[in-house]
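Just passing along the structure, written as structure tokens.
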């Protein structure tokens, strides 16, 4: 059992870790210097998912998505949707591993073969999965403060270099730009769909809804501050020109003449948060797999799933270019299908079934 | 009832650990490199040779010579270690340079890049910026400076009391930026000015001249004025005073010392804060109409010296203020005029206009701002000076009258 | 069936003294330290025999309490029974009657005197224990400036008495038992009723009962059977030799095990934060102690990470080294044969060897070793350009910071974990370092000590915990169970407050 507080930290880490590195560069390409507003619109996807999932969870208490799917769409449908979700979560985990590898190789270890980095990551993921969700929840409680701390230290480190005229004219790409910039990041906010499998693990689920909504807002706020920093330091068009704008800002941090070039230190907490994200996805993949296939010992799935994902990620994303293109173009479309569309459809199905049963009850 | 680790579980754990350790051990440290395997470059200088090749010179950071070991020969340490190579482009020159160095070239402690005038006027600067941002080896904190002579000469300098030349130049830049005769510009500032609408980059200028005190032809260095760029090309120089004006117009405050004649002597005042606000034209009806910008300036500072013989009193303050007003106005006008003759908007009038009328600017002014519209703009300057201290004395030390 | 009956019959104390004597002598064959003192009681010539181990009992006590009364006190009586002796004659405070021979033998070798008489099928066992033992001395391994200075000794009941003097409350429960199939060592479980979780006490008892161990020579022998199934370098059972510490632990609802012949008490469950606290924290000014406690956390982190971070900086991420420091490190690096990672590894190993050598040698020589090791070898190695001066500084820093950790168990875990972390960093730089830290942290949070989450008051934490974790806030004189939020399956429903 994990507490609501721990759950909210987990969810924040899940969104924040990818968001902090990729959100500004991706959304600034579309949104101009209004990019700092984009996270608040991306947030909507997360809010919808949370509302739908908590509603369904109230109707089917202490049951995971796989558990209540048969009651909504029948046995065959449940099996199909369940299997699709397993693949989806597994694919998410795989992408996370590949993203970590990409960043680590680009910034910390340029000459180290991917396999070595992959092995190190997969061993940590496997060990953490064996330790269980509760350990992960306690772990995030140890390091969650690194999320605001990262943003605060970055702010202090680059505050002197912010060009104030970079924010003007306000919204130079207009509101439409802000909306377009919010589209890709909304798929990361939508990743809160893992709640469908985490909610039954929460000990006191009465406060879940408000706490999670607050978490999302705070996370969006942090990402918004990060985008503001990037706009101020690099300028909008320069930020849109660079692949990892956040990383450029981290490299720009300087405290006096003594503490400079400390970008590698920023990557340490980021790496931990990213690992947590990967572990969460693999955890959900393992749980949903074992529930869909009705396995009694889910732990035997851990090693095959993680190792297979490394092989496949290697095969799917052979280079940096593929993964960034995938993240920008392919990923949002199909992930939003699983994250937002399917839960909404399930919710509608539930409502229809409710109406039908009421009618059935009324007619005889 | 008792759960014990079964032997096969022990074996599993053991074999996993073994595999992991072995795989790490066998494959080994790919990115590991010792400090003495690297040539750490702290300065770069780019020149164009007479045969139109690009010449890159790198100043290597040397280990501190241990002064206790006298048998090393102290005379040797005076000579800087400079790597030099040529190529048709920046990329090629640096690639060639790595062939001369037994160690790996490392850019992470790179502090300052010096461009020669010829280099800065050519296309190479832009190409170089493209290259270093794409590869990402250099940091955006790296400073830039232009010099009218040979850039390599700067690397051969010896600064007084400074062991590390690059560090010395860094401190020198900061000191000149404080005095506002020059400024501190790093890669990020250049890129920001380049990519932001309606503002062009300026890069500090390094002036070399023979040292009068030392006869052996040693050069003396100072940072004075700056080079104005249009896009990635150098188009001309701004003097120290003109640089001041540009810096003020770019909202950079410093501790500039101003000197102007007042009554029977010279009044010297120190700036504490200077605020400049550029107000774009109220309404633009016709595109070709002359644009009128309002420049509102607020100055705050104190009197640090007065060479005349009057006794300063409260009644003199308005007149001193007026002197300051006129002086500042003069500086601002001179720098704007200079920028206009150079046909590059290093001040950012274009940006102000863009912030006020984004779509209009994009439609009509964007392409020809620097060459057509900016040289024609008009402006009116209002200055409000505030002297808050006349110092601890009130008149010149001399026989009382 | 019959054989067991026969055995029972054999074990029974016989009515005749001679047969009993024969059985005892058979049992104690080749045990020359057993004394048999034959006496005559009363006028009828009724014989009795006092059996004891010569140096385990207090000779004066045997003389005064038993022999004088028995031999001198019964001139006008014809014959007596054991019951009479027990109630009228023997003045020892702890006496009991036994009917089984083997039990009587057990009592003899435990240091009691046993009286056997004619015409009675029970024997009397009397506590006249009194062997040579150390007096209460100053604590040497857990030194503190303020607070009680006394330490436990090897004498079990004495140790209990030391604790009793700190907690004068009837709720302090002392349960005595014996462990070790061969050594049959007595141990005592101490706990505060009402503060401790009942399940915890029964779990500890159960584990000790289930453990099939033959020999228990020190309380350390018990640890393995108590922490079954947990593979970890971290200590999940705390140890102390200070009675005031034990009292403090008891008042936090812990179970304490005291073992005979061992001056070290075991306490469970234990939390990670416990190893970074000392009793002084609560005796001294809380501003100062908060600062020192925070310092200890920093030292804990440093002693684990400094060598690895150094290797990461010098071997991988040169950009992290500040410019001016860079030049000085570069000049040291010139001409050093070994790669930094191996240099650090070798120096760390040397340090550990020196530490072990200094520990085992007699005190006077031990200091010489540490001086020779630290000053002479370090200095000579630097001058001979075999190692960098910075490496020596780093290794020394690691050593010194690890000495600030008050809990020996934790500091040894840190000593151990330093090496894998160093290896990982050596191979993968800061990335390897963070993977290593991730492993350590996730391992730490997954640990449980007797159903209590090991990182309690750090990982599941409340505001109340923070006040007494990184800092030592004021007003810590109330009873507070630190793992209230961290319990996993313990029920604390009876705990007050």
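When the chains are written out, they are named A, B and C in that same order, and each has its own residue count from 1.
One rule holds for everything that comes next: contacts are C-beta pairs under 8 Å (C-beta built on N, C-alpha and C of every residue); 3 or more make two chains touch, one makes a residue touch a chain.
Remember, predicted model here, so these are calculated numbers, not experimental data.
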| item | value |
| --- | --- |
| Chain nearest the global centroid, as defined over all protein CA atoms shown | A |
| Pair exhibiting more inter-chain C-beta contacts, A-C or A-B | A-C |
| Intercentroid distance (Cα basis), subunit C paired with subunit B, Å | 66 |
| CA centroid of subunit A to CA centroid of subunit C, Å | 47 |
| Where subunit A and subunit B are represented by their mean Cα positions, the distance between them in whole Å | 40 |
| Per-residue overlap in subunit B, given as positions that touch at least 2 other chains | 24, 31, 108, 139 |
| Multi-partner residues of subunit A (at least 2 other chains) | 108-109, 112, 116, 123, 257, 260-261 |
| Residues of subunit C touching at least two other chains | 316, 319, 323, 424, 428-429 |
| Of all residues in subunit C, those that touch subunit A in their complex | 316-317, 319-320, 322-323, 424, 428-435, 437-439, 441-443, 445-446, 453, 455, 458-461 |
| Subunit B to subunit A touching residues, read off their complex | 20, 23-24, 27, 30-31, 108, 133, 139-141, 170, 188, 191-192, 194-196, 251, 348, 351, 354-356, 358 |
| Residues of subunit C touching subunit B in the complex | 210, 228-229, 231, 314-316, 318-319, 323-324, 326-331, 333-334, 336, 339-341, 423-424, 426-429 |
| Residues of subunit B touching subunit C in the complex | 1-5, 13, 21, 24-25, 28-29, 31-36, 38, 40, 42, 61-66, 106, 108-109, 111, 139, 164, 167 |
| Parts of subunit A lying in touch with subunit C, wherever the complex brings them together | 3, 6, 104, 108-109, 112, 116-117, 120-121, 123-124, 127-128, 131-132, 134-136, 138-139, 141-143, 257-265, 267-268, 271-272, 275 |
